[in-house]
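Mind looking over this structure? Questions follow.
Labels A, B and C are assigned to the chains in the order they are written; within every chain, residues are numbered from 1.
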Amino acid sequence: MPHAIAIPKLGLTMTDCTLVSWAKSNGDAVSKGELLYAIETDKITTDIEADDTGFLRRLAEPDTLHQVGAVIGALYETREEALSERGDKAPTPAEVNNIPTAALQVGPTLESSAGRASRRVRSSPLARRIAASAGLDIAMVAGTGFGGSVLRRDVEAALAERKAKASRDTAAAPAVPRHVPSDASGATGVIAARRPLAGMRRAIALRMMTSLQSSAQMTGFGRIDMTEAVRLRAACIGREAELGVRITYTDIVLKAAANVLASMPSMNSSIVGEEIVNWGEVNIGLAVALDDGLVVPVIRNADGKSIAEIGVERRDLMQRARAGRLGREELHSGTFSLSNFGSYGGDFETPILNPPQSALLGIGAITDEPVVRDGQIVIRPMMTISLTFDHRLIDGAVAGRFRAQLRSALESPLVMMARMH
Amino acid sequence: MATKTYLWAVIDAMREEMSRDQNVILLGEDVARAGGAFGGSRGLLDSFGPLRVRDTPISEEIIVGLGVGAAMTGKRPIVEIMFMDFFGLCLDQIANQAAKMHYIYNGAFKMPLVIRTSAGVEMGIGPHHSQLLESWVGHVPGLKVVMPSTPRDAKGLLKSAIRDDNPVVFIEHLALHRIKEEIEDDELLIPIGKADVKRAGRDVTVVATGLMVRRALAAAETLSAVGIEIEVIDPRTISPLDIDTIVESVRKTSRALVVTSSLKPFGFGSEVSAEITERAFFDLDQPVRRLTPPFTPAPFGKQFDEYLNPDAASIVSAVRELMA
Amino acid sequence: MTIEPLDLYARMMLIRQCEAQLNEAFAKNLFPGYIHSYLGQEACAVGICSNLTDRDYVVSTHRGRGHYLAKGMALKPMIAEMFGRATGICGGRGGEMHAADPARGILGGNGIVGGGLPYAAGAAFSAALDGRGTVAVVFFGEGASNNGSFGETMNVAATWKLPLVLVCENNLYAEMTPFAEMSAELDIAKRAAGYGMPGESVDGNDLIAVRESGGRAVARARRGEGPTLLELKTYRWGGHFEGDPKKYRSREEEEWWKARCPLARFRKHLVDSRLSDVATLDLIDARATSEVAEAIELALKSPLPAPETALAHVYAV
């Protein structure tokens, strides 16, 4: 029984999507977890991984519209099954033996392996040689020879397609730039391990490169005296029953940033195409580290939520992020992001923007440090903020003003409260 | 330059060599007075006399034996066994005596013996006069086996065979006797053991012998019209086989077909296929194929011959399958 | 041609010693392969070959040492060849059944019964073309007389008047079968008439008789009068090969023939006709014995050919 490949529901409100591209060809071997195809909803493309292992038969082609749950392909046990439904005209060995040429013994072809359950690829020695020297896995090549065997022309076709696809991919979304070495021999010459760049890692790699190549990013730093924030938090500890959550510094900073953003629309904007768009909502994405990656779930309308509400949402999102159960709208429509590298011991960094956002606030660890107040050296809990901004849109003075207002909010939370709706 | 038939090319070769060297003699049934059962030694008795051109009784062992003994004692005999089917009657003298004298006696004797014979393939004569048995003799170390397909090759190779100090089985085809070719007047010596690329091509290597060479060339024209270019190689010498020329071709084309009048099991095609596979396996995009008549004796009558034997059309089919 | 009688005796004794001592070596497991003993047939080889010069050709059989020595092949290289040594006359490659010496016209032995007849005719034909009176002699057994090659050779030799002497050593047993069971006509010499050539039946153990009939046949051939079939009636003391249990004949028969030993008979003739004396003859015996012993000892100490030499001489360059 073949395994059906159906469009998954990627969020509460998703109903349909466009099939953008396939990562594999007919007859290809597919492993569970491998990137298999990409779909697009609301102008955002998502890579979908295979949820089973087998040989692929594509039932839908790119640029077609599908409902959630529509079957766009199937995974078969053997390559022959995956290919056989295509209606290929390649004759079977039996047909070859019956080709009428009087009694001439034009000998039989390679023994038919139709009965064998083996997954060995039948291919000509020449085809194997060419594939091997081009670094192409011959199991990925569809064969058009007798009995489905892979011949030179099939390998050459696959190589040509691989080349064409590579240049398509480069045109569509800037992938790894050409100057990045394609082999690992440059560094030390000794390879300890290797694995394909795939899945989430690949998505992150692409996103990071795209981000840096599509905006003029600069990072400005600030130092914030968190004494009052500490007091605020201390007051909340022990009141979880009322608040519904154990308040964290992230919640406090997120609230402060949301408030400042609400009063500084220029920080809550994006360049989209040839336009500058001021967003109507303050949706702050919160960077959550996963085992081998990163997701940024979004707290929407953070300026209109209390610290406690933000905290509750923050906790829920982080849990679901780690369980891989975030909905699509929770990952998108952020207008600003917050990254807490203090949680892994960082002080200040130069975080990378999440396009199309124009600013990202990074906060470091809060540590007791000696500072000068009124001519005296005192110990205060200090935190460094790293604000990356897109200098195409935001000038240094504007970014500086944001930092100043944020400091003001965090160093005088009561005043912040006084201003809140 | 003169246009010569295959038959006359053979006669000319013998005449030239017998003129050049007194020790060259010719023995066989009807070779002298009748000028050859098929006319293959016309005029030689008149030119060289009854001591050097001699009719023998129907005694195949003696025909070859006379050659063996004479070759061991200073002569350069050419002996004729009328049909290759008769080899069974004299295989001892050919394979046990002639082939091994030089070897057993540590080089003490040379064996400058030529055994000329004819294959009656496709003459419709019947099962005892149709066989092509090059495999029998190709399998014996010490023998050389030559099988020309054109008049010029026949002349040049027979002269080389006569000058060779080894026993050479020289296989002619009755069906080729009348084909014509321009042959130069000056001394023509074609080396034994060298194949001839009769037609260059990039898609399939077709190794053909005897009657099949011309058919392969005809097939080449048909195939060329549909964009398939075959390379036709005539080995000319069966043993020692010029496998290098064949392999070089296969490296270029990645596909090979061997076409023979002789049969498939244990045959010449098997040898070529095995050699190609051993030496050029990683250049092959298709298995090496052999095109032969079916594994039967040849019954009497031309209608059977036409039915059983590969022709240009079947060569075309076989090539197209390789290209599929 | 004139040869000293003692010379003839010495040649026969050399063959006798050679065969006897090689049999012993075989029994001691020193001999590779089979051994086909010529014991008891010495008069045949010596009688015939004593009429030949180095220029004349001899084609032998699988039981050839008598012929080789009688035709003048050097003892030491021949013995070395028997033991397959590199110093053998064929580099150790031919061995017991295949020894040749072109300089003495010895054109080899044969592993094929009857295989020598056709090419012996070829040598005779070549000799006829040369026109120098050279003669070819082919030895064969009565078993070969029933082989197709015999008939073909007899016919062409007679028809073309080839200078060929066909010497059939009828030792009554072809391999392990009595000739009497394999042929309706037990006198092979009679076949000659059927082919149109003279044939003569001779006591093969009588050296003088063999020599004289051989002499006549050779002379005819030299004169261009064509071939002769000589049937030498003899007996081999050993089996077809050593180790053959000889179940096909009786001990009485063997004893009867041994009593007619060619050497003993000739010795008696020499002594009786005062051509020699016992002491001289004993000396000859002793010399032959020691020569052969020396040759065998030398052979056993000689190196074997390098295995790679098996690849040489498949083709002449």
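The definition used in the following text is that a contact is a pair of C-beta atoms (placed from the backbone, for glycine too) under 8 Å apart; a residue touches a chain by one contact, two chains touch by 3 or more.
All values reported here derive from a predicted model rather than from experimental measurement.
When each chain is reduced to the average of its Cα atoms, A sits farthest from chain B.
Comparing chain pairs A-B and B-C by the number of C-beta pairs in contact, the larger count belongs to B-C. Centre to centre, using the average C-alpha position, chain A and chain C are separated by 99 Å. The distance from the centre of chain A to the centre of chain B, each centre being the mean of the chain's C-alpha atoms, comes to 72 Å. Distance between chain centres (mean CA atoms), chain B to chain C: 40 Å. Contact with two or more other chains is made by no residue of chain B.
Residues 254, 264, 281-287, 289-295, 307-308, 310, 314, 317-318, 321, 324 of chain B are the ones touching chain A in the complex.
Those residues of chain A that touch chain B in the shared complex are 91, 96, 99, 101-107, 109-110, 124-129, 145-146, 151-152. For chain B in complex with chain C, the residues that touch the partner chain are 25, 51-52, 54, 56-57, 59, 61-62, 64-75, 77, 92-93, 96-97, 101-111, 141-142, 144, 165-166.
The part of chain C that touches chain B in the complex is made up of residues 57, 59, 90-91, 93-94, 98, 100-102, 107-108, 110-112, 115, 117-127, 129-130, 136, 148-149, 152-153, 155-156, 159-160, 312-317.
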